[in-house]
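Letters A, B, C and D mark the chains as written, and numbering starts fresh at 1 in each.
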Amino acid sequence: MTQAQSTDTLRQEIRHWLADNVPSGWREAMTNVEQEAFAQAQRDWFRKLVDAGYATPHWPEGWHGGGRSLAEQKVIFEEVARADAPRLIMFFVSLYHAACTLFECGTQEQQDKYLPGIIEGQVWCQGFSEPNAGSDLASLKTRAERKGDRYVINGQKVWSTMAQYADRCLLLVRTDKSGPPQAGQTYLLLDMKAKGITVRPIHQITGDDEFSEVFFDDVEVPVEDRVGEEGNGWAVAQATLASERGLTLVELGQRMRYSLPMITAAMREAGREDDASLRHELGKLSARVDATCALADRYLMRRISGEEQVGDASIVKLYFAETLREFTRLGKRVAGLSGQYDRGFMRGATQETGNWMVDFMNSYNWSIAGGSNEIQRNIIAERMLGMPREPKTWKLEG
Amino acid sequence: MSSEINELRDSARQVMDGSGLAAAENESWALLGELGWLMVSVPEEAGGLGMGLEAACALQIEMGRGLATAPYLSALMSIEAVSASGAASELLENLMAGADYVAASLADNAVQCSASGDGVTLSATLCAVPSADKASHILVSSDEVLALVPADSVTLTATATWDTTRRLFEVELEGVDVPASGVLARGADAEAIAAKLAVLRDFSLAADAAGGAAALLDVTVEYLQTRRQFGRPLALFQALKHRCADLKAQVVAAEALLLDNLGRLGGGNDALLAQAARELACTVYTGVGEESLQLHGGIGMTSEHVCHLFLKRAMLDEHLGAPVDSYPQALAAALLEASA
Amino acid sequence: MSSEINELRDSARQVMDGSGLAAAENESWALLGELGWLMVSVPEEAGGLGMGLEAACALQIEMGRGLATAPYLSALMSIEAVSASGAASELLENLMAGADYVAASLADNAVQCSASGDGVTLSATLCAVPSADKASHILVSSDEVLALVPADSVTLTATATWDTTRRLFEVELEGVDVPASGVLARGADAEAIAAKLAVLRDFSLAADAAGGAAALLDVTVEYLQTRRQFGRPLALFQALKHRCADLKAQVVAAEALLLDNLGRLGGGNDALLAQAARELACTVYTGVGEESLQLHGGIGMTSEHVCHLFLKRAMLDEHLGAPVDSYPQALAAALLEASA
Amino acid sequence: MTQAQSTDTLRQEIRHWLADNVPSGWREAMTNVEQEAFAQAQRDWFRKLVDAGYATPHWPEGWHGGGRSLAEQKVIFEEVARADAPRLIMFFVSLYHAACTLFECGTQEQQDKYLPGIIEGQVWCQGFSEPNAGSDLASLKTRAERKGDRYVINGQKVWSTMAQYADRCLLLVRTDKSGPPQAGQTYLLLDMKAKGITVRPIHQITGDDEFSEVFFDDVEVPVEDRVGEEGNGWAVAQATLASERGLTLVELGQRMRYSLPMITAAMREAGREDDASLRHELGKLSARVDATCALADRYLMRRISGEEQVGDASIVKLYFAETLREFTRLGKRVAGLSGQYDRGFMRGATQETGNWMVDFMNSYNWSIAGGSNEIQRNIIAERMLGMPREPKTWKLEG
């Protein structure tokens, strides 16, 4: 069987499976509900996907569902988008970030200890971002002091997805203040039930609270839960961040493409399907949406063929974020006053709810988080175009 | 702008600053009456201050800046309607004092009107009526009729928007009989007043947007000055500086057009002047809102920071008045007609 | 893109580099024939290289990059027409070798066609026909008829554009009688070939734009690296860096869509794939052109610098093919239809 | 007579005068002609305007045509725009830059020597900009060495308008290399017939050649032709640049407004006057054009009332330049393929020729020259918004 045949077969399989298994009406069911209802729905959907073998295609052969090629993984993401299935928001960190970090950088003991729990549904969260750091990961301030066979943690993390439901946390801490900011960082696996941890949900402007702040007050982590060497945390974190390898943007691009009919529907609802002005913008947008998908696809292909170059990922993310903004902006324009009504928040719905103000606001998740558009532009300018980096030292006038 | 209006604006800013960015509606409504802001544009012979639309817009700029919650524009529209129709002066006095509130829709609505004895029978769904639950009457305005409908004869539905600084309602009139005493004007008179109300509405939305945009840009620049990243203040990054500079130019331009067009009123093209001011100011406000959220980064995504209040108000302002795309269409139609 | 096509593109770039940014038309035309570039997309059974539209576009990207002067697209359209109609193989051979040139219009044109004996009588004004003065025949294509008209039976008017890298003509046919031998196809066959020609044209314009945009951005970044102001290289200013980064993302996106859509050909929506690629790439090229001129400053305003050659070619590319605004309209219509 | 009455009277006067005197068909007459024909037309128009007293309203009372208020000057500029009269491109430097510099900073002897010649039609050019300096005026390199009672000039200037027709030049040179770049500059009045001067027209991308490079090879200037003290040239140059006090942008804004019918005409010609998409853009543009005029007007009023603040002028110029770009872009879009045809160059026509590619390219004159958009943004950010200036010293990484 050729590779193309194999992905075609998989595509048919998962398409049928999704048709039978995607919870019907999940968007409506997730509107204006408490977070626990969403968490339960996530657990149910996780169980189904895991059991069917579609949640762990990127795990090594031998693990349940594992051993799929990147091309096959892409098919799964595409079909999930096509079926408008829920995203596994609560388990993304465990399935991708935690698992890939363990496979790449963890010891055999760590793998044996944690990977089975992930398949069983343990929730992990990420503890990288800090307040007032924005996209400046290197400025990390949360301290870990070595005391015997433990690290003692003090500090604060922020923007941790579903941290209030998390069993464990991928934690990046500072163990050494001397030297350049990227050095002196250490990577720990933290038990979220440990003493001294406080989780406080962040109230977002959409009404959502999927992100949290996490506070650490003398929290102890055994040394055996350190990944990599002390001081090598930055490198391990890069492995974590690279774990989804562009699959998310393949999925999000496809979701956006499949959502274009939301705009045509809104035009019809407003009786403006023949409005040349809206059609002009819609046509321009549709070419951009197609280009977003093409970029994401080609990026993944380059990863598969090992031709990825520095900055490629930045272009995909920047272009997606800007196109998504335009997408939601046009929807908002078409919807008019009715698009301004607060119809409640749909949990886990990303930015394709048709509640245009929510979709518009959620589009900022992609232009700000995970390296803002501004950071991506720096990377593209400096590392692809070879323009000089921001000066390291500088002095103001006067 | 005359020095009289500049003074008014300065004092308004002090008031708005005093009550914080967004005083509670009850509090600020009482203040509106006390300060005489509801009577600024009513002619002196009708008991008002006779300072015209320029004064009302000066106040609205500051209220936009301060994210005011009181239904000022709606109240002004009713006052203008009552004043222009020459109706009972007692009602007008109460309205100007803030003792009574008649709510007006901030949107374009279809109104069905049929004669019924001396009065009329009205059916309509009025969108975007601010604080209608506090009103004694609802103003119904169309090219045929201008009428006051008692609030207890209509059905109110709260239509919450993302902008929590204002409370809008949908008002349903199902064949409501209005006696002659409630009909302020009919026919050509009603049409003329409806046109004046649209001018007041569009200029006021422009003013709210101009004020809000300016305030939000201030907030954003201050944030960039304070916040450090990569070991330096964000305000040092030229890419961000240039974006702020572009926003500043747009904000100043929107205010310039607003004030300039206010100064040209009375030349026979008031509607167009108001529409142009509204079009530019609301476009600029949403643009500043969009950019400001991005420039704030994560903190702007939390409801703790004031940024989103401006953004949401900007978006709502843009969709109040006539349908958003009708403004550029009206301006283009006028140009095409003038050059025909 | 297959490795075969990558190789073709690499060699094309070497050729274009070798002959400078804009080789003279006579010189480069001869080269086109010699290198076999005119036969890349003709099927092997018809004597071509059978590498398809992807190969033609790969070459066009490089020709856009190098501001090529030869009427490649026009020639390819004629070759495609002759090849698709299964006409005399001798003509096709001459065309593929570059020994003969039949000029095709790069615009949409209205053609009046009436039967006349075995042949047809044609009237039309064909716009944007490249290098028509060098052609033996003019290709006339419509949904009714596909014909070759001898160049001496038409009137040519040079229509100089600002883009000096290409020479366009207006071709006037006033009731020209074309014998049956000159009619390549009629009715449904003609319509099908016209549709194929439009796909070739739109993809090729996208390719020219994608190549030109990438080259111009390179030129611009290099200029910023070299040029110093206020005691530092312009490339150090973050505001300029960010603008270059945005352009880079757009250029890469336009090429991605072009190549992706080329890879999807044959699925029944070729016209839309071509239109989307054309729409995005030409929009990006003009955008890069506009920004590059600004980023070059004064030097970009002088004809000594190459910047304006790209800008002018970008602007012309955008207005070749169907009318500029018809592209987004077509894409929107397709979406509305699909969701009806 | 109140001020408003006085400007109204003037408005009626000049409107009638322009109706009788603007050379009819001047745009057509200036299309595809040699520069000498344009120069002659400029001379003729200059003579008419001077004789009528409309060329020197900004000169002090006592001078021919002088003593007009800024409000009256504004009326003249507005009416010239309204009448679509030619701009006095060849004499703008003499009437404004040279004259105002002499009035403000020149000695009595210099005023007596040069001002009458200006009224008689002497052409002046400006020698400020230098190659590779862009908007960085302070980086000035052209040297002047004092030798007895003369300065000896060596170097090069660029972007000098109509220099090949100029009798004299306002020249900014460096007399001292030590100290900060803005110091050590000296302001001279140069005889363009002096030995050692070479003028080379610059071929512009529009086909125009109104700007020139000027080369200096041991050119001598008598010390009495220095304006201000040696080393004080920067301050004098500021007076030169401020001389038109915003009037130009009042005029250009009005010209743009009066040119909007060129777009509606193009829409009609294309049979697209009912196209909602074009109407949408036209409507948005028209609000921006109105705002440009409002900005220019209000800026001038603030100058009159002494309330101008730093950065005000930058906003007017930036907003004008960007709106003009949009104006020409929309025209180009409407015109379609026919807008791409090279219909030849219309001399002295600024950017309202309806030959949309020319107009589009000419719009860059306003976004690049006289302080580029980028410089204006720096000024607005730093001096109005109080954001930090570009670091004075900096060091690249690595």
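Some notes on this structure:
In this text, a contact is a pair of C-beta atoms (placed from the backbone, for glycine too) under 8 Å apart; a residue touches a chain by one contact, two chains touch by 3 or more.
Everything numeric in this text was worked out from a predicted model, so none of it was measured.
Compared with chain C, the chain whose C-alpha mean position is the greatest distance off is B.
Interface comparison, C-D versus B-D: the higher count of C-beta contacts falls to B-D. Inter-chain centre distance (chain A to chain D, centres taken as mean C-alpha positions): 53 Å.
Taking each chain's centre as the mean of its C-alpha atoms, chain B lies 41 Å from chain D. Counting partner chains per residue, chain D shows two or more touched chains at residues 275-280, 374, 377, 388, 390-391, 394, 396. Under the contact definition stated at the top, the residues of chain C that touch 2 or more other chains are 236-239, 241-242, 325.
Residues 275-277, 279-280, 388-398 of chain D are the ones touching chain A in the complex. On chain C, the positions that touch chain D within their shared complex are 107, 127-128, 159-163, 227-232, 236-237, 239-240, 290, 293-294, 297-298, 300-304, 308, 311-312, 315-316, 319-320, 323-325.
Contact residues on chain B toward chain C in their complex (touch as defined above): 237-239, 241-242. Per the touch definition, chain A reaches chain B in the complex via residues 129, 132-136, 139, 158-159, 202-205, 275, 277-278, 325, 332-333, 336-337, 339-342, 357, 360-361, 364-365, 367-369, 372-374, 377, 390, 394, 396.
Contacts from chain C toward chain A in the complex involve residues 221, 224-225, 233, 235-236, 238, 241-242, 244-246, 248-250, 252-254, 256-257, 259-261, 276-277, 279-280, 283, 325, 327-333, 335-336, 338-339.
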